[in-house]
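Presented sequentially are two complexes of subunit A, the first with subunit B as partner and the second with subunit C.
Entry: the complex of A and B
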């Protein structure tokens, strides 16, 4: 049996102000050199579990703690956090909140200086850990100048510098674009495989967890529901769905096919295995002709937004947009995608007149936005920024939602009515008296959306609304966006989470390096995998399986979701399944 | 499956080593930095001390309220000490400003009825009381100020000191712990007023020995000091209530000796 590096024994925990237990009788052994993934919905207790490993729970937060956690033989209740920090490196969700120094090398030196490591030893360790996270050559750079992925890798390097035997990462990729997330996963995998470091990682990124983790622990409601390899856990699609956890799409596809009694012996959890299994299903099942999808409604009417030859150069000389032209019509649901730095947010900020064109024009209803004040545009356009915390400043949820209405001079009755309606629409009635920052991130985002809804804008822009959300939270927000679209609003969404969007968006604008690479209906856009990959976007697994199906069968299957893919197969008559 | 904890309940202590008198050092450092930052902002007329006073005076007591008497005094002391060098335009008489800030936070931190430290407030009250007696006594006996002018010029401090010595001290401290925002605001403002008055008396005893202002200044002070105290109330109320409501809401660990 492998060596055990950490043991949780009957761990239960309650924060000082939480109404009940956040962890409930969790017993778990973590083995030396393994990559343990922790999955579960928001509120499952994943972050708290991570914090028990470095002693921050309960030593910093206080509260009621039951049972014991031992890491490298140290009891995390009886040993100070500073001692535990030598065994457990921690990396949190938002790299911005972890970096404090003015240069990359100072950032790494900081924890070592705190632990009184001799200067010569600090100088020896810095290049070593920078090489491990592929940041060699960045020693003198300011952390502020790094990309999101680089920042998170720097945070990992700072954690590694203390030479921990266990590295704990809590949602390290949820704030990153696909490139950044890939960088972090690649580094973590390398640390695990090449250097034998034990990894504990919480993540909603199911496809990546299936690829990299040795074991998964499924948490829900503070309980450990299941523990096993990805091949044991992810095929339990029903269990995962009951607990609001999204399995990899490849699992969903073949789980549905098995439900239809098609010959799926083992549900694959990785894409390549899925492609293999697809072949056996093709042999043992009947493939239906590609379904006919109704053509998306042709755009009509005068454009609501009309962008002509838009070019934007930032004061530091960065050319963010290179002569972009596009029209968005009233009532469209538009998805804008592209890697970080592609120019998505720069483009959207021109709609709001937050940025002014260097060249070209942006018209709204035929009026140049430069002739309109930001306040005038704000009445027509609701903007939900990527980080909800930047838009929150009131003491209660209710005040936050009603703030703009009051500022715009609406009567108290109108303010009360619209506030209530918005709170109800976003399911926030029960927390209307709470401080917004006391809510989980998913709910904080909904507070901002409720405040926007109360303004009743005709255009709503969601900038990365699903970042940091679990599957349920992301779907909740996107369902709201769909309701708004059905009410006739124009909806523009920027996201990297392509797998979430097929049920919502009609039109996709793919951006790369300040230009529009593709502007097409969603099926065409998602199946132009070359263009997506050219801007470092990974198509959903269902799309890639559909492409594989096309390759095997010769017919085009413009499918987007696991359900659509599963719907293309039938049992062969007489096949026993 | 039963949800009741089956593991042994553990005694939780702050073992990080990063706490002083039950207040995490991170809090002490952050609030010291806030004190320094606010010291850059002057908000008064030039008075006998020779310069305007810093906005940070509005939060000296608040730090005692948030962190307790020891950690609060340390935090304020660090913040004010740095401010003396980086923002000398509001420092007044530096040593006096430093001592006054420390005593103010200490006095505010003692405004709770915690059994273990039930008598700590007496130290602040005595220092303030002796300072006040010396100040008024010296004004009358050495500088020939009339009793009426001396009392009028220090009326706010006298009232504040009396409210600090009386059981109202514990009442105000209790209000700070109230969930009712109005009571919380009153508690923060009155804790600020009374503890500042105590520290003010102590500090004035030193500055008066240095400057010996005449009766005319006492009469001027009678009208100016209430205005200045009002500014401090506003700063304390606005910042204090916001901070305490926020801290409660986000559930950050409460310093052991904090009043809120």
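Entry: the complex of A and C
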């Protein structure tokens, strides 16, 4: 039996203003040197559980706390937070608000200075932890100059500097692009495997958790529903889906195949195991010919947006776009993907005339956008930015939704009618008198979308709409985008979450270093794995398994989703399963 | 693109090599003197001296130009307010019976509620302008020429409570974030059809006022997140901690501190004993 580093014994907790318990009777042992993943939907109590480990719950928040938590033998209620900070390093979700110092070295020194560590010792530790998170040489830089992934690695370094026995990370990758997320997971895995650091991490990134975690704790409604290795937890697809948790796609594929009574002895949770299992399924089941996917209707008519040789150089000299040309026609659903800095947002900001071309042109319906004001373009283009909170500036939901209509000079009757219709469409009627910022994040995003819809734009741009949302929240927003598309609107979505998009997008534009690397229908784009990887994007596991199937069978299977992949197999006659 | 951040001047100069403590003394003394002096000429001399010092210290001309441009409407308002509408105050101040007018309004001022612009009010306005200019310039001169680490240690060594020092350094870190948020909110308003570019000044002020509510709410959310982060980093606000950086006073720092104190004493003596720096009208070029 491994040594226990932290023990939660019958922990229940209620915040001072929460209507009910946020944690309910949780008992859990965390072992020295393990990587414990905590999974669950938004509101499951994951973050609160993390905060019990460093004593911030209940010491800082107050509220009703039952049971006990011990970390390295210290009771987290009886010992001050400053003492617990020596045992528990903490990394939070938002890279911006958790870095407080004006330079990298000061950030690392800050907790050590508070703990009265002698200066010579601080100077010894700074290069050591920076090396551990691969940030050597950045000592004098301002945290503001770092990328998202570097900021989170710096937060980890600051946590490590106090030489904790336990490192707790709460959704450290949810606001990062794929490169940043990979950097963080790589560093955390190295700390765990190479240095034996005990890790507790909350994350929605199912594929990565399956790869790295030793055990998973599934939380829902404040209860610990299941505890075990990823191989024990993720195959319980029904349990996960009932609790709004997305399993790795490889699990979904083989779970469906097992439901069809195909020979799947153990449901794999990692891609490589999935590839192995695919071989045995091929031997024991019947592979159907590749399904025929009707080609999406070819876009026709004059382009709505016409971009010609667009180049953009920022005032600091950064060349963001290098001579881009493309057309987008009315009624298309376009997905724009690429790593951070690829130029996606810069391109879209030219559509809105927020940015002006350094060279080249952007036309909307044959009119140069440079001749139009942002407010004029706003009548035709709705833009839903990543952070809903920066788009909310009215006292009530109703005023927020009607704001644009009033600004655009509509009559009071039209304002009232359209506001009501928009509130109804987004299911916000009951909260119309509440302050938008008092609503949960998912509903705040809906308020912003309702405000955009009220303007009845022809084109809607969603810029990273799924960042920071759980699976359920992300699907909700994308379902709205599909409804809009079905109503004849032109939809443009920017996202890093490729696995979410097959059911929605038709055309994919892959960008890299300010150029268009690929512009193709979604099936062709997702199966061009080389191009995707060149811009640090990982294709969904279902696509990679389909590629493996192609390799094994010799025929092309342009599949995108676990359901499509499972649909290609049948039981062999007489096979008992 | 690219987050704004606090940055010290790039040029290495006499100012940048100084400890923060003599600079802090300079900020305090210049502020007191600027408040004390009411002479437009001495105020102007102090203002010009500070502009030259800022340029020598490495502050960019563009920065000073921007400061002046931002302040310009305020300065015009000061001249109008004191020159035209401040008759009583200026008369009382000078102990005069009548004012000398630069120009008079037609109809004896019945229409405007004032007779015209007086020389005495104009020069009083000039005095206030240079007071504000000096205060606006001395702070960047002291702060932007000091490395932030040395500044924090300098403040702690000056016995400024550590909590205040920490709030100061956090402001330097979080102020740019606040500006980014203001920009994002105004952009969101434009993207909802608000034609900010077609608005007059009053309408624009209303737009900015609307930004305040989400900004304050977001700042409150962020401050709670920050408190959690600080707790997890063993922050208690106690000055009983170690400091990675140090800042020691050199002979130059002591010498400069001494010079500042001597000049301050001289200014006080001349003001209270001989009235040097008290309000007076430098000249009246013509009278309408």
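Just so we're on the same page, the second predicted complex is superposed on the first by the 551 of 577 C-alpha atoms of A that agree within 3 Å, B and C clash if a C-alpha of one lies under 4 Å from a C-alpha of the other, contacts with A are read in each partner's own complex, and residues count from 1 in each chain.
Here is the rule we use: a contact is a pair of C-beta atoms (placed from the backbone, for glycine too) under 8 Å apart; a residue touches a chain by one contact, two chains touch by 3 or more.
Note that this is a predicted model, so its numbers are computed, not measured.
**Q** Kindly say whether there is room for both subunit B and subunit C on subunit A in the superposition, answering fit or clash.
**A** Partners fit side by side after overlay.
**Q** Return first, second, both or neither, reflecting whether A:395 touches subunit B, subunit C, both chains, or no partner chain.
**A** The answer is both, since A:395 touches subunit B and subunit C.
**Q** Can you tell me whether subunit B or subunit C touches more residues on subunit A?
**A** Here the partner covering more residues of subunit A is C.
**Q** Given the touch rule stated above, what does A:562 touch, subunit B (first), subunit C (second), both, or neither?
**A** In the superposition, A:562 contacts neither subunit B nor subunit C.
**Q** Taking the superposition on A as described, I'd like to know which of subunit B and subunit C A:81 touches: first, second, both or neither.
**A** In the superposition, A:81 touches subunit B and subunit C alike.
**Q** For A:67 in the superposed arrangement: first (subunit B), second (subunit C), both or neither?
**A** first
**Q** If we overlay the two complexes on their shared chain A, which of subunit B and subunit C does A:43 touch? Say first, second, both or neither.
**A** neither
**Q** Can you report the vertex angle at subunit A, computed from the C-alpha centres of the three chains with subunit B and subunit C as the arms, to the nearest 10 degrees?
**A** About 30 degrees between subunit B and subunit C, seen from subunit A.
**Q** Based on the superposed arrangement, let me know which partner A:375 touches: subunit B (first), subunit C (second), both, or neither?
**A** second
**Q** When the two structures are overlaid on chain A, which partner does A:316 contact: first (subunit B), second (subunit C), both, or neither?
**A** It touches subunit C, and subunit B stays clear.
**Q** Classify the contacts of A:235 with the two partner chains as first (subunit B alone), second (subunit C alone), both, or neither.
**A** neither
**Q** Taking the superposition on A as described, I'd like to know which of subunit B and subunit C A:95 touches: first, second, both or neither.
**A** Neither partner.
**Q** Could you grab the smallest C-alpha gap between subunit B and subunit C in the overlay, to the nearest Å?
**A** Nearest C-alpha atoms of the two chains are 5 Å apart.
**Q** Can you pull the subunit A residues that subunit B and subunit C both touch?
**A** 59-60, 81-82, 395, 437
**Q** Which residues, counting only subunit C, touch subunit A once they are in their complex?
**A** Going by the criterion above, the answer is residues 1-6, 148-149, 169-170, 172-173, 176-177, 181, 184-185, 187-198, 210-211, 213-214, 217-218, 222, 225-236, 240-245.
**Q** Write out the stretch or stretches of subunit A touching subunit C in their complex.
**A** For this pair, the touching residues of subunit A are 51, 54, 56, 59-60, 81-82, 85-86, 88, 90, 92, 94, 96-103, 105-106, 109-119, 122-123, 142-145, 158, 162, 314-316, 318, 320, 352, 354, 373-376, 378-379, 383, 385, 387, 389-395, 403-404, 407-408, 437, 451-452, 455.
**Q** Under the touch definition given earlier, write down the residues of subunit A that touch subunit B in their complex.
**A** Its residues touching subunit B are 9-12, 15-18, 21, 24-25, 55, 58-68, 77-82, 223, 395, 434-435, 437-438.
**Q** Applying the document's contact rule, which stretches of subunit B touch subunit A when the two form their complex?
**A** Going through subunit B, the ones touching subunit A are 1, 3, 5-18, 24, 242, 245-246, 248-251, 253-254.
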